[in-house]
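In what follows, chain A forms one complex with chain B and a second complex with chain C.
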Partner chain A sequence: MLHTVNKSSFERNSLQSCVNIIDDTSVILFIEDGVINAANNSKSSMIADLAAAGRVFALQGDVEARGISSKLADNIKLVDYAGFVDLVVEHGTAVSWV
Partner chain B sequence: MATKKFMYLNRRSSFGTVYAIESLEVVLIAAAFEQDVSLAFMDDGVYQIVEGQNTDGIGMKNFSKTFHALGDYDINKLYVSKESLEERGLSESDLMPLVYEDEDDDWAEKSSVKVVTNEELKAIMSEQDVCLSF
Partner chain C sequence: MKFAIQVNEGPYQHQASDTAFQFAKAAIENGHEIMRVFFYHDGVNNASSFTLPPQDDRHVVNNWASLNIKDADGEPELVVCVAAALRRGMLDESEASKNSIEGNNLHPAFRISGLGQLIEAGIQSDRLVVFGD
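Now for the complex of A and B:
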């Protein structure tokens, strides 16, 4: 499955809820304000293990819009819109954590 | 017209909701009425004035550049929550260098941005006549 998160975890608990029930093969893609979760900050530990396993992605355009390209946490993979489509194709059912 | 102290409290990031750009619009309108205006940035609002925003990839207006105009409207009190920056792994050096020219000091260019603790912000807020939250 592909889990998309579009809210900052400083604002809502969408990411925490997602991380709580994500299975061992699914991936997370941060989009819109969700990319704030890709920055190295006081909440990064929430996704550290998933990122180390190569299962956390962030949409590049949204990262650049927020000026945090140089602030990303370790092991976050950036994708463009085409990469977003590839993730949808590869992982099937998408779950949107709004 | 009597001058009042207006504070605009910005707590949201720039592009996920319309709050940030709406706040900036209202701030510029208020400036035209020559009120004593200050801005506070806390929580994800601190992202509004992060340096190096580039919206080419999302097709939205990069209104962060508009913050540079505030100095010319005599809006030069931009308070940023230290705690909010630190939680997000940010510091003052990650913020845009927003400045104004001080007419009482031979038009010297000075920083409009002041990083303050929540304790200091509490005191500044208590001095306000009007506080508008976005």
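Now for the complex of A and C:
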């Protein structure tokens, strides 16, 4: 399963809700303001283990638009829109946390 | 692969419809099919033919139209929820005349239909991706 998160953890609890229920094979993709969660900040520990397992992605255009390319947390994988499409193809059901 | 997309937010206020458009474009460019885009809630505002952004800004409505998403008979598969559309003043010719209202503003690349079209898209596509805010 692919979980997309489009809000910062400093604004909503959607990422925490997602992390609470995510299973062992699913991945997370940060889009829109959700890419704030890909920056190294006081909430990064929430996704550290998932990221270390290679299961956390962020949409590159949204990362660059928010000026956090050089501030990314460890092990975040960047994808473009084609990569976003590939993640949907690869991981079946797409769940949108808004 | 066959994709369906649901857009729940209007243009220019939220990023959702821009993201959905870029996703749809990338899917088509990579050999996938977008069988339907369903515009729900404020998402119906993506279909207004009265949309006139400044010339140096992206034209969200024309962008959607440029994807040319149609069925085998050439009918538009950019589908606008009828209840969401009517309560926001989004009318095609038929709804306008039915309600004795002068003028209509549904872009010809879109069509108005019911919620059943979203359910059908969920069943007939391989993937349904939702964009909202």
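Everything below uses one rule, namely that the second predicted complex is superposed on the first by the 98 of 98 C-alpha atoms of A that agree within 3 Å, B and C clash if a C-alpha of one lies under 4 Å from a C-alpha of the other, contacts with A are read in each partner's own complex, and residues count from 1 in each chain.
Just so it is clear, a residue touches a chain if its C-beta (ideal position, glycine included) is under 8 Å from a C-beta of that chain, and two chains touch if they have at least 3 such contacts.
Since we're looking at a predicted model, the values are computed, not measured.
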| item | value |
| --- | --- |
| Clash or fit (per the criteria above) of chain B with chain C on chain A | fit |
| Touching partner for A:G67 - first (chain B), second (chain C), both, neither | first |
| First (chain B), second (chain C), both or neither touched by A:N6 | both |
| Chain B versus chain C as contact partner of A:E32, first or second or both or neither | both |
| Partner contacting more residues of chain A (chain B vs chain C) | B |
| First (chain B), second (chain C), both or neither touched by A:N40 | first |
| Partner chain(s) touched by A:Q16 [first = chain B, second = chain C, both, neither] | neither |
| First (chain B), second (chain C), both or neither touched by A:V85 | second |
| C-alpha centroid angle, chain C to chain B via chain A, nearest 10° | 80 |
| Contacts of A:S96 with chain B and chain C, given as first, second, both or neither | second |
| Minimum Cα separation, chain C to chain B, after superposition on A (Å) | 5 |
| Shared chain A contacts, counted only where both chain B and chain C touch the same residue | 6, 32-33, 61, 80 |
| Complex interface listing, chain A residues touching chain B | 6-8, 10-11, 32-33, 36, 39-44, 60-62, 64-71, 80 |
| Chain C-facing residues of chain A, complex | 6, 31-33, 59, 61, 80-82, 84-86, 88-89, 92-94, 96, 98 |
| Of chain C, residues touching chain A in the complex | 1, 3, 8, 15-16, 19, 22-23, 25-27, 29-30, 32, 127-133 |
| Chain A-facing residues of chain B, complex | 12-17, 43-44, 47, 50-58, 60, 62, 64, 86-90, 94 |
